[in-house]
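Below you'll find the structure I mean.
Chain IDs A, B and C follow the sequence of writing; residue 1 opens each chain.
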Amino acid sequence: MYDVKYEVRILTGNETAAYAAMNSEVRVVAAYPITPATPVVETISRLVEDGKMRAKFIMVESEHSAMAACIGASAAGSRTFTATSSHGLAYMHEMLHWAANARTPIVMAVANRAIGPGWNIWADLGDSLSQRDTGWMQLYCSHNQEIYDTIAMAYRLAENKRILLPAMVCYDGFTLSHTSMPVELTEFVDFLPDYEPVWMLDTEKPFTHGNILPPEEFAELRHNIQKSHDRALRLMEKIEEEFYEIYRRRTPLILEEYKVEDAEKVIVTMGAIGSEAKVAADSLREKKVKVGVVRLKSFRPFPEKHVKKLLEDKKVFVFDRAISPGSGGQLYQELKAALSSTPVKRLSPRVVGIGGIDVTKRTFEKALFERKIWVKEVVS
Amino acid sequence: MKISEMEREEYVLPGNTACHGCPSTVALRTVLKALDGNAVLVIPACCTSVYMGPFPNSAIKVPVFNTAFASAAATASGIKASFELQGRDTEVVVWAGDGGTYDIGLQALSGAAERGEDIIFICYNNEMYSNTGVQRSGATPYGAWTTTTWKGKREHKKDVSELMLAHGIPYVATASIGYLRDLYEKVRTAKQIRGFRYIEILAPCPPGWRFPMDKTIQMGKLAVESGMWVLFESVRGRLRFTGISKSIAEGRRKMKNLEEYLLAQGRFSHLKPEDVEEIRRFVLKKWERLAMFVEGEVDAAVAKFYV
Amino acid sequence: MLISIRFHGRGGQGAVTASKILAEAAGRLGYYSQSMPFFGPERRGAPVMAYTRISDEPIFEMSQVYHPNVVVVLDPLIMKVVDIFKGVKEGAWIVANTTKKPEDFIFDQEYLNVITVDATGIAIKNDLLVAGLPVVNTPMLGALLRTETPVTLETLEEIVAGKFEEGEKNVKAIREAYDLAEVKLIHGLGKRRYPRKQRIKVEFPISVPAEGVAGKTKLWRDFRPEIDYDSCNDCLNCWLHCPESAIRLNDRVEIDYDYCKGCLVCVNVCPKKAISSEREVFVDV
């Protein structure tokens, strides 16, 4: 049963993202519509026009311009938000690099969708995973309440003076973006203070941002970004605790573990299928197979220490919902590297749900007991 | 207005890495003075983003936000939105070359103009990609040599100032570094208007156009005197010519010989007589088109395309 | 055998071209060679560097030259702003365009082979000018051949004759520089050098406004404008039109000679023709 202390509404993942931006006191939004993230843009538009959301909404003419406008607004001292997907995310790739190097704490909702051609509008994590080198933090959600909480937590992370990096909050297209679930619309006043920029454009103290940076200084800037990611992992633990203290809700920022301790086989995955995996784990336990799930929430920074601890001596099955051709699933590659000096009984890749193939508990069952890496059909 | 009445403070500092006789620094100096230094510049990749020098210093004394090549107008939109929320009246000014305006930056420019963003977009146009050497741009005129048009460009340039007229924005103006007082006044006028304002400044570039570095200002004058560059100003849709262009339009002054302008530049040194004729035809057509915009009315007698 | 040569010059003097010609000449004689410019934006008059490597075996180094065997200085002015002796080992060669003698050179190394030649004078004498300015890179290549660099005069002249319109004048200047160059083993101060680098903290890519981001750009001047205050009527046109902001408004307009690049735009905009120009003569080494 739900403790109806705060307002609870039945919202889609997209609507949730919009409400989260509103309650995080976002002041500038610059966004462009793209399936399946469009409703975020539409909802914010309504909220702003109705006067419920105190923000300026710039309806830019492309995603590249959306990110450029966000960077500008953030540099000028405002809390900024945008949302996109797939091709739109790819279009703004250059500006994603810019936002991270410029140290602008923007938060962006990404409704994960495959990149074509042929046009494919359904869930696939390849769009955001393709951006894993841009310097952005990446957090993958598995249900709508989590999307709501994570956006506020992302601002806490991003705006921290010792981090100052943008963050993307990702959720599976259609599976989460268009599915309605009850979401408690907590107000974040006690948790998220006003944005206090560490630097901002100011005529009183003029400076130039982003001019030529010689090699050695550039290397230091990049090293600082890496160090900020390291610090982010430590900060995430603190923020998780703080959020729980105030709201009595456990929203992970690093990862979620489910029945891992006594598990023989552990499913490691991200996003909505991580929730489905828990159902699969329970179902298999009924058949006397001890399965557990590690659902990675933070992909950037990659929580190497945490996964090493959890997966030692386990039979690990990594379920990727994307593929980096020429190498394999991205989660599998990174996990393999992280576990290179950790003794595991087995480390096997699996690729499921590409291009939006629906992933059911049977998909997991099938994949755990068959030798094939790819599952290319719905297993119902 | 008198030069002695102009703002004296320098916002472009000496000892920067611009070429000798650079028209961009000349123009930027005047523009920032006209804005009393109360501006934030948004600068995409262009000569200015390089000549302001490397970290840890910069040669520009107002806040500058460098941005990616295609995104100047969009970045400026974001900055202005934030300033408005904070109640700050600082002008947000894009300072872009013709690359970041005509070509890769065109989409963002058009989007911002259509949205009526309250920013000033200033293009200093040297009719090529100067910063990366001398490559052709959409603003490069017919017949000009560049490193990507060794035998001379075969296409005429497009005209973004006319495109901006078609966007119906409250202020569109063209200027030339040959007439800095005209430029100063136009920037002051733009400052008084709210909404999207566009100013395009002709910036003859000595190494790119191949003329001696001390002739920069002369070249800016010659371009206007020969009719190849037209000085105009459109306030809320009402267009009027200014300066020498006004005298030419009103028949009080003859256009100087086009050859005088073209052959003073090494980039046109290989032009054949038929090329010059082609350019002359293009220039005359441009005057005809602009004449139709004067006073904001289309002269039906001249408009041949009405059925 | 690997010989690395570092060229110092001012933008527009042909340091990069000289480096390439040398590499090409070595290549024609069967050596492996490499020519690389110092990567950075080049402007007329600004200090530039270029490197050449020559070896009888394939060259695998892809980095810049930090310990040259030969240093070529195309312009004596360079020595005022750049440390041309940096990284140079004992017994290396210095080839300098100057009217001074080898004995006039002072450096920390124990000893160096110093070659001096007045390449500017040779160029002017042979009418080897481009846009009114003397071409010094080719005669300097001639002087360079007095070092142990394994390139012959014939090969060098062959390439230069083919490359430039005024091929003959260049060849003549090369020969003259080769013959007139003075070569001497010079003893230095024998001091140890401990270069220290200032590290600047970089948290954000943010810079502060300052004059002289390119240093004192007076170095870029070939011609110097002078205001005749008797003719000047304070119209301020020169001040308004100066591309460098190098004309100050004091009691009267004054040219800031630390930064004036000598573009001479002011000369042309003055309605009273009160500004004249003449060749800039800096005191050289």
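By our rule, a contact is a pair of C-beta atoms (placed from the backbone, for glycine too) under 8 Å apart; a residue touches a chain by one contact, two chains touch by 3 or more.
Small disclaimer: the values here were computed from a predicted structure and weren't measured.
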Farthest chain relative to subunit B (centres taken as mean CA coordinates): A
Most centrally placed chain, judged by C-alpha centres: B
For subunit B paired with subunit C, centre-to-centre distance based on mean C-alpha positions, whole Å: 35
Rounded Å distance between subunit A and subunit B, as computed from the means of their C-alpha atoms: 43
Computed distance of Cα centres, subunit C from subunit A, in Å: 54
Where subunit A touches two or more other chains, by residue: 206-211, 213, 217
For subunit C, residues contacting two or more additional chains: 200, 202, 205, 207-209
For subunit B, residues that touch 2 or more chains besides their own: 50, 52-56, 58, 60-61
Complex contacts: residues of subunit B adjacent to subunit A: 37-40, 42, 49-50, 52-56, 58, 60-68, 70-71, 73-86, 90, 107-108, 110-111, 114-115, 117
Subunit B-facing residues of subunit A, complex: 27-28, 30, 56, 58-62, 64-78, 80, 94-95, 98, 201-203, 206-214, 217
Residues of subunit C that touch subunit B when the two form their complex: 41, 43-46, 200, 202, 205, 207-217, 220, 235-237, 239-246, 249, 256, 258-259, 261-265, 267-269
Residue ranges of subunit B touching subunit C (in the complex, touch as defined): 3-4, 6, 8, 10, 12-23, 25-26, 29-30, 50, 52-61, 180, 207, 213-218
Residue ranges of subunit A in contact with subunit C within the complex: 101-103, 199, 206-211, 213, 217-218, 220-221, 224
